[in-house]
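To keep things clear, I will list the structure first and then write my remarks on it.
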Amino acid sequence: MRFMSDNAASVHPKVWEALRAADGVDSPYDGDALSQRLDARFSELFGREATVLWVATGTAANCLALATMCPPHGGVVCHREAHIEMDEGGAPGFYLHGAKLLLAGRSDGGDGAKLTSQAIRDVIDPIRDDVHQVQPHAISITQASEYGRVYRPEEIAAISQLARERGLALHMDGARFANATAFLGGSAAEAAGDIDALSFGCVKNGGMSAEAIVFFDPALADVARYRRKRAGHLQSKGRFLAAQLLAMVEDNLWLDNARAANAAAQAIAERGSERLMHPVEANEVFIRLSPDEREMLRGIGYQFYDWGADAARFVASWDSDPGEARALGQAIADL
Amino acid sequence: MRFMSDNAASVHPKVWEALRAADGVDSPYDGDALSQRLDARFSELFGREATVLWVATGTAANCLALATMCPPHGGVVCHREAHIEMDEGGAPGFYLHGAKLLLAGRSDGGDGAKLTSQAIRDVIDPIRDDVHQVQPHAISITQASEYGRVYRPEEIAAISQLARERGLALHMDGARFANATAFLGGSAAEAAGDIDALSFGCVKNGGMSAEAIVFFDPALADVARYRRKRAGHLQSKGRFLAAQLLAMVEDNLWLDNARAANAAAQAIAERGSERLMHPVEANEVFIRLSPDEREMLRGIGYQFYDWGADAARFVASWDSDPGEARALGQAIADL
Amino acid sequence: MRFMSDNAASVHPKVWEALRAADGVDSPYDGDALSQRLDARFSELFGREATVLWVATGTAANCLALATMCPPHGGVVCHREAHIEMDEGGAPGFYLHGAKLLLAGRSDGGDGAKLTSQAIRDVIDPIRDDVHQVQPHAISITQASEYGRVYRPEEIAAISQLARERGLALHMDGARFANATAFLGGSAAEAAGDIDALSFGCVKNGGMSAEAIVFFDPALADVARYRRKRAGHLQSKGRFLAAQLLAMVEDNLWLDNARAANAAAQAIAERGSERLMHPVEANEVFIRLSPDEREMLRGIGYQFYDWGADAARFVASWDSDPGEARALGQAIADL
Amino acid sequence: MRFMSDNAASVHPKVWEALRAADGVDSPYDGDALSQRLDARFSELFGREATVLWVATGTAANCLALATMCPPHGGVVCHREAHIEMDEGGAPGFYLHGAKLLLAGRSDGGDGAKLTSQAIRDVIDPIRDDVHQVQPHAISITQASEYGRVYRPEEIAAISQLARERGLALHMDGARFANATAFLGGSAAEAAGDIDALSFGCVKNGGMSAEAIVFFDPALADVARYRRKRAGHLQSKGRFLAAQLLAMVEDNLWLDNARAANAAAQAIAERGSERLMHPVEANEVFIRLSPDEREMLRGIGYQFYDWGADAARFVASWDSDPGEARALGQAIADL
């Protein structure tokens, strides 16, 4: 009964189907018919002109997007618990050639790892406009956040407005964008808001090896094409990445999968609300559990990560068994 | 009848089988059971201790390997027509942080894009040992070469010896290593020789999205692990890359596929030997054809790349139809 | 009456003398007789084998030193208020190719911007030893610190021991190393402790345009030579940089200048001790002053920087007028 | 009797005077009165709006300029014997974050290391406009060239026109711009032509430690300011660099010095014209001399560099003794 992460979940049958259907010879790289369909399909999904590049990982998606927004001597504002700061092995430093992450937000988890326009101002306003300090060029926010919290449209709008005022580009890390969109009601446009680029997650949501960088500014996409090749991320059989992404957005598979994962997370959380560290809005549950309690749950067969000394993180995925999730919720209630 | 490149060929059924068998939940990244088997399997294949990292592309494989061998202020000797110089969009400059490719060999194709120890000496001997000039730290050779030529064991040995004498690391770009090995008789150890790391190709040989970096020096592999993550190449469902590589080396599928491709290339070439620009040793055929002749062949339905003004390149792959290859050979003979 | 910074102070007459004496033709770069004397002279000064490279700025000295200690995928622990983090325009990101500064110490100034071995452990102990997190490779401390605090030999020893235990290199930013050494009694060896490289400041202490990187590990110096040229810091008339450094350490000019600056700082501080934010150990005085009080002092003719809303920073230099410093101290007492 | 290089020549008395006059306290970095005068002074010199940044070396000047013109994934066309390719220790790779030098021109010295618009076309026209090949973003030419050849205004105009047509920025390495300008008759505007930035040399021409980057596009200068600090090239006592540059252009000292150097080169060359490898247009003389002949000249006391097996390079500087130069010319004639 595995609730460690959604990142190693199984691949959805419809994705397998699409992969098989994509075989046979076609043009290499992104010249194939499937890759050529991505722009139109995602433009439709977001209700605005989009240019889409596939890559294999969220780290590559985030860092390629940011590399188009910030020069090597600049900075990117992000939450101090953002994935790009904490868990990407220094990839932003590599892709952005030494540009700096400017860390904002609370360090105690109190903001659920979500930025506010005020938290961003608190970081950029004290920066002297001189060459001795790294100047901000972009903002990166995460939808849903590291703690499974979801930005509401008006929250994104406030950040977006600040970004426009200050001439900063705005990126959204959407490794779990599907879960956030499902939570907000299903509109991709609403869940994204007025941003310049989105890392649209697929691997954690039933895909195998494809993420999309969705650019809403075609000039950024033009740069990203060169940077993708230069980073060794232009796969020659790109049709297999495009196939996964198309399968995902076909018939709303991405939302169905996310809803299943979100529901499982709710099932885990629902009877232990007084123990929750954060409201459960996506597919992650952070819950206070003593070492003994965690040992007990592991004894029954649940797998999950410790979160510091007194808590645990459970992550549901599209293929989580609803019964197992409910039983886990009950087991927590019974502790 | 497509002979444009092997890089977009179809995926071998045994690879598909292995991919399907790899699904189901396992540890993320390279913690899964399949990834854990790679070192042993490739050590066996090469008859020496090997440490193996999967990545999605040959560009990533080459550049990650080289990044462990050469500091940012150093240089890597390679042939002036090597893939890393000509066709990787500047990836070596990115991964090696501005290190320089030191170009060796003939520019007229006369050496088949193969380096000799003498050609390497011609480049490194004139470099003054001072800080004004970029010093060599590594050598990269390509097996088979850009013109489908295969290094003989004694040729590699001579280069390898020079590398040891000068304290240079030695990398082999083996995007078509299988074809070279098949040509040489089937011994991976012999086709590789005494090198420090090999980019072991799989995508062009019936794989979908996996290449192996085979390190024969574990210290280099330790560095590469961090660099792989930092480059966004550590896929979370890494089991699917490991599966492809294991399927390839299982029961010599890699050699069977390469032999099929090589045989098809021979069939294309055999009746037009007087037109050949290079001896055909792997799966590529470079052949002198006038514009009119190329038009004629295209009229019949053959697809291929022009090679300059008066020649064409045909590449066979594991799934090339032997009959089509023979017919193409005949059509060339009939011109 | 200028107490803004020591970084624009005038050049000491003995430095001028040395500069003039250095003219006339000699070998370019660092092949001249003066540059060739540096190793011996600084080895004598520190009582241990030293290899010395001149550069023009402290930023170059710090970042070149660190670039020899930390690979692009690694991290350097420093205080969160260190110059390399706050005021070098992202130079560490440039010189270290995207390596990361791992910030330690208090953010409220309570530690005087000095690190302790405990503060370093607090940062590095939670780093998981996996590829997702940037691993520490070096530590950088500042002697005297950003707040003019001086590390005592036993404090350095504790950090140095931790560094050895964890396999981390240890760098000291000594832009005001002279002031720290003067405070500690005059022994360069004692003020430096067991470190791998020191940025030995000269510009703030009566020099014109030279700083020394003093390497106590010759292997690091060998790398730095290439990196210095590559950074455009190998001046062709290097004799003029060497001349400044030699003049500085001749007859203890560096300590005499530092003692003068330190004494001026004491004179500023001595009657206002209850207002001091930090003990005055070098040549900087941080003192609580209301906006009105600052205006009053400026009205009399004193020039200095505000330090936040309720304080000011005064920096004395070798050429500060002792009378002006005393008068400033009195003026503060009279407020 | 030293004719090895102009790069270690003595400092001109007027530069010394200016240096001394610049002492005394002023604002740090480039906030001082002298630095503030540079834009106006060079705008006047070139007869068009110029923005000027000082740096300590030609390598820094060249690479900072180019870094504003070419993204990390791009390329810069230069002559294969250009200083940035041959003698800057890989600095372009560092400053441009791995961008590539695209080498043009003849390798046999036959073009005097000068580019033509045709030679540039020969390199950029074959580059496929796809992501697999590095795309050109800028051109760098050297005035005077590595072989002391001077671009005529119409030659620069042809290159400049090509640059505009193709959307490429144009940089001029003017380490010996003064010598070229003196040769052409003294107009800086004419010797520079329609370029975007010039590395204006001063160190080789009687300066101590200052070069100017003259930007004719202020947007590039804005970027360069951040990059200069980030490269550790923003000296805190910048007034001493500005002073050197102002002294140079005051009363045409730069041209007087260059004329003296050029005249000395002419004196060396005039009786040995049949031995010259290149016409002498600036202050360098490349002359065919057998090993025995070189030994003989060295026996008399002349110092110079060998140039390959059968030639020598003599470089005159502003302080070359005219009598020594004439005597050297005679000695060569007498061989």
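Should a chain be cited, it is by its letter among A, B, C and D, assigned in written order, with residues numbered from 1 in that chain.
Simple rule for what comes next: contacts are C-beta pairs under 8 Å (C-beta built on N, C-alpha and C of every residue); 3 or more make two chains touch, one makes a residue touch a chain.
What you are looking at is a predicted structure, and each value in this text was computed from that prediction instead of being measured.
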Given chain B and chain C, the chains that contact each of them: A, D
Contact-richer chain pair [A-B vs B-D]: A-B
Chain pair repeating B-C, as identified from A-C, C-D or A-D when over half of the contact pairs by residue number coincide: A-D
Same-site or different-site touching of chain C by its copy chain D, using the half cut: same
Between chain D and chain B, distance of the C-alpha-averaged centres to the nearest whole Å: 42
Cα-centroid distance, chain A relative to chain B, in whole angstrom: 34
Chain C residues counted as touching two or more neighbouring chains: 72-73, 88-90, 93-94, 97, 131-132, 226, 229-230, 234
Chain A-facing residues of chain C, complex: 72-75, 86-90, 92-94, 96-100, 131-134
Touching residues (chain side chain A, partner chain B) in the complex: 2, 5, 7-11, 16, 19-20, 23-28, 32, 55-61, 63-64, 88-91, 93-95, 203-204, 208-209, 226, 229-237, 239-241
Residues of chain D touching chain A in the complex: 71-73, 97, 131-132, 135, 223, 225-230, 234
